[in-house]
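So that you can tell them apart, the chains are marked A, B and C in the order they are listed, and the count of residues begins at 1 in each.
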Amino acid sequence: MTLAPGALAARAHPFTPLVLTVCIAVTAVALPGTEAAVAVYAATLLLVIVAGAGRAALRALIPLAPLWFFLLLLHGVLGGGETLTVLGATLSRGGLTLAATQAARLGAIATASLALYASFSPARFVDAVAQRGWSFSLAYVVVATLLALPRFRARAASILEAQRSRGLRLRGSPFNRLRAIGPITFPLVLGALAEVDERGFALETRCASAVERRTALAPPPDRALDRVARWVGIAAALAAVMWRLLA
Amino acid sequence: MSALDLRLVDFTYPGAPSPALSQCTLCAEAGAVTWLTGALGSGTSTALLVAAGLAPRHTGGLRAGQVRTLGVDPADPSSARDLGGRVALVLPSPVSQLSGIAETVAQEVAFAPANLGWAAGRIHDGVARALDILGISHLADRDPATLSGGEMQRTVLAATLVLAPELWLLDEPASALDAGGRALLHRLLRAEAERGSAVVVASEDADGLAGVADRLVVFDAGRPVLEGSPDAVLRGDPVWEAGAGSTTIAALARAAQVSAPRPLTVEEGVAQWTR
Amino acid sequence: MDAVTPLVLDGVRFGYGAEPVLDGVSLRLEAGEGVALLGANGAGKTTLTRLAMALRHPQQGSVSTCGRDTARRKPEDLADVTGYLFQHPEAQLFAQTVRGEVAFGPERLRWAAGRVAMAVAAVLDELGLAPHADKHPYDLPTPTRRLVALAAALVASPTLLILDEPTAGLDRNSRVRVARAVTARRRAGTAVLAVTHDFGFAVEVLDRAVVLDRARITHDMGLTDLLGRLPEFPAPPLLELARRLGIEKVRASLDALAPVLTSHPETGTL
């Protein structure tokens, strides 16, 4: 969790950001038309900022910017039909519209996902699942998957340091860079597998394999606002799907 | 009934050319600290994994012979459920013993009790007590991933202590600890034995365990070859012939051509060489 | 080995956030010196070693490794003169064979094939790894893998050798091999900087103690003068015995003390 403790997203019940992210994705993809897609993206941005995860919205621009550029090229340049001249370039009107739609959809999904990631707290999530009496194994898998990426990155960084200290050069010819792959990927993968193995031992001895009813240590409150937010999200997603099917 | 009872156990890891345990017979009693030692590959670590049931359940491989841990076969899935929380295994490397989902040290220590469904109040008190005993109360709100190796191992020990296990299985538990941590660990092991638990520790740290263990079992080539009181075993030649070692002072005495029985401690060494 | 000073830190200040982890740290290691870097927890000590390897750069002050200012350099620029054993070295192994793993460094440095083969064979012998030369590192037990990583750090005869907890997780025989190998390198002129809480090993192999506490160096003195004088740094058994027997001139290691004690049989006196 990288948000300030007072932020709305940090205080929300753990299921709320999860449900909302899925609903935003469904709504963004289901609703037809550019205006709807842009509206969903705008609404997502607003929601994320109000929830205190504004920085996630900015961070989402990093993967989005090249994707948007690619969409512009793909549809704007290669699309056919009526054209438009923008800054001296001749672009397809229909293509631009399509690019804008897809760009807005991706924007909504990426922003919501990064905000979810920033607000995610493994302990609170596990407690929320325990509180409802649901399967601990499932909760553990979700949490372990979400946490796997930062762990993997940390491991890759330390392996890279070790290999560079032995003389591995990353700059230079493409051949150099290709040769760098082995010394980094093998220990990374083998190490990750070995860690999974050892962690399996540890989990077993810490009674994690046959959990019947796990105690929620600090059960997160599920406030009215949380429930309303989730229902609104689900309703919006369902409405979007219906609209798509009927229109 | 012994807390741990291995009878003529053979165990071979998958794909291994030779067995790790070969006709191994080993008993450990409640209320005592049983110390296992031996050269690398002698089978002490495997004996602990077999006792915990992790070999063969998690490691794969073939096991023959009879294993009874707290009266049941730990490799049998239904018995393993019975053992939950009553048998604890502590390994040398702390990083891979963390749950991976705790945001604070307190949550990490609470991990197993929560899985067992203890009441929240009982967990809270147990955690506070375990952190206090291991001297890490000041780390309760720290992120376990930011701890040093020694602090992490203390966290793992606290997470084990909180369960008040009937059987402790420890493999080189002090390797990440500093001098203060080692002393604390040894006091802890004695206290647990006095409380009535069976403590089995595999270690080459003769200096540390000579004064802590009630019984020493020396392994060689997959089975115990020598047993007795640590004092008696460490002073003699057979422990060296088995490929294991003794205390630093005894090793020095041996290198200085002193014949058995050899001095074990600095005090005895001083007495030995200022006669 | 060239006549450069293996390591010079001058007024170094470094921190990851607002609080400095190292502040006003100055340290100098000469050729052949052996320094134990001590202190509570990993933060300052490991950071200092990373600065020495140009894995991080000082925010104030300077770091010069084997005569090269680290400020404008990358870790791969120091690989020909340094050897670094990381805390979890088994995690960096990638080659198909132990031999291949150890040869990686010299091959990166473009040594001739013959020279590589000789250096690799020599260091494998030194650490007792010759029987495992053609095995896959991941088929070996953890202590043996750590020895392979050490072999990789020693193979190019570095001017500066940095070890982070070199004896952690090692069995008795491996510890003996490590101590002998590092001692031999020191005699050949390699400067050794080791972060370790294994005082028995330190006394056997090193001479000087540098203590880091709250971002500063609080002690820089003879190792045997420090051990046993402060409660956080107890004297290891051989050192304590040597002191009590009045044998101070000899290194407190098994190899050095045994002959002294043998020449005075049990019934004799010192």
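Simple rule for what comes next: a residue touches a chain if its C-beta (ideal position, glycine included) is under 8 Å from a C-beta of that chain, and two chains touch if they have at least 3 such contacts.
This structure is a prediction, so every number in the text was calculated from the model and none was measured.
Trainee: Counting C-beta pairs in contact, does B-C beat A-C or the other way around?
Mentor: Here the pair linked by more C-beta pairs in contact is B-C.
Trainee: From the centre of chain C, which chain's CA centre is farthest?
Mentor: In terms of C-alpha centroids, the chain at the greatest distance from chain C is A.
Trainee: Compute the distance, rounded to whole Å, between the mean C-alpha positions of chain A and chain C.
Mentor: Computed from C-alpha means, the inter-chain centre distance equals 43 Å.
Trainee: Express in whole angstrom the distance between the two chain centres, defined as the mean CA positions of chain B and chain C.
Mentor: 29
Trainee: Could you say which residues in chain B touch two or more other chains, in rising order?
Mentor: Residues 93.
Trainee: Write out the stretch or stretches of chain B touching chain C in their complex.
Mentor: Counting only chain B, the residues touching chain C are 39-41, 92-93, 148-151, 172, 175-176, 178-180, 204, 207, 245, 247-249, 251-253, 255-258, 265-266, 269-270, 272-275.
Trainee: Show which residues of chain A lie in contact with chain B when the two form their complex.
Mentor: By the definition above, chain A touches chain B via 1, 121-123, 126, 130, 136, 140, 143-144, 147, 151, 195, 197-208, 210-217.
Trainee: Within the complex, which stretch of chain A touches chain C?
Mentor: Where chain A meets chain C, its residues are 155, 158-159, 161-170, 182-187, 190-191.
Trainee: In the complex, go through chain B and note every residue touching chain A.
Mentor: Interface residues on the chain B side: 49, 52, 54, 57-58, 80-81, 84-85, 87-89, 91, 93, 95-104, 107, 110-120, 123, 159.
Trainee: Enumerate the contact residues on chain C facing chain A in the complex.
Mentor: Answer in residue numbers: 53, 55, 74-76, 78-80, 82, 84, 86, 88-89, 91-94, 104-105, 108-109, 138, 152.
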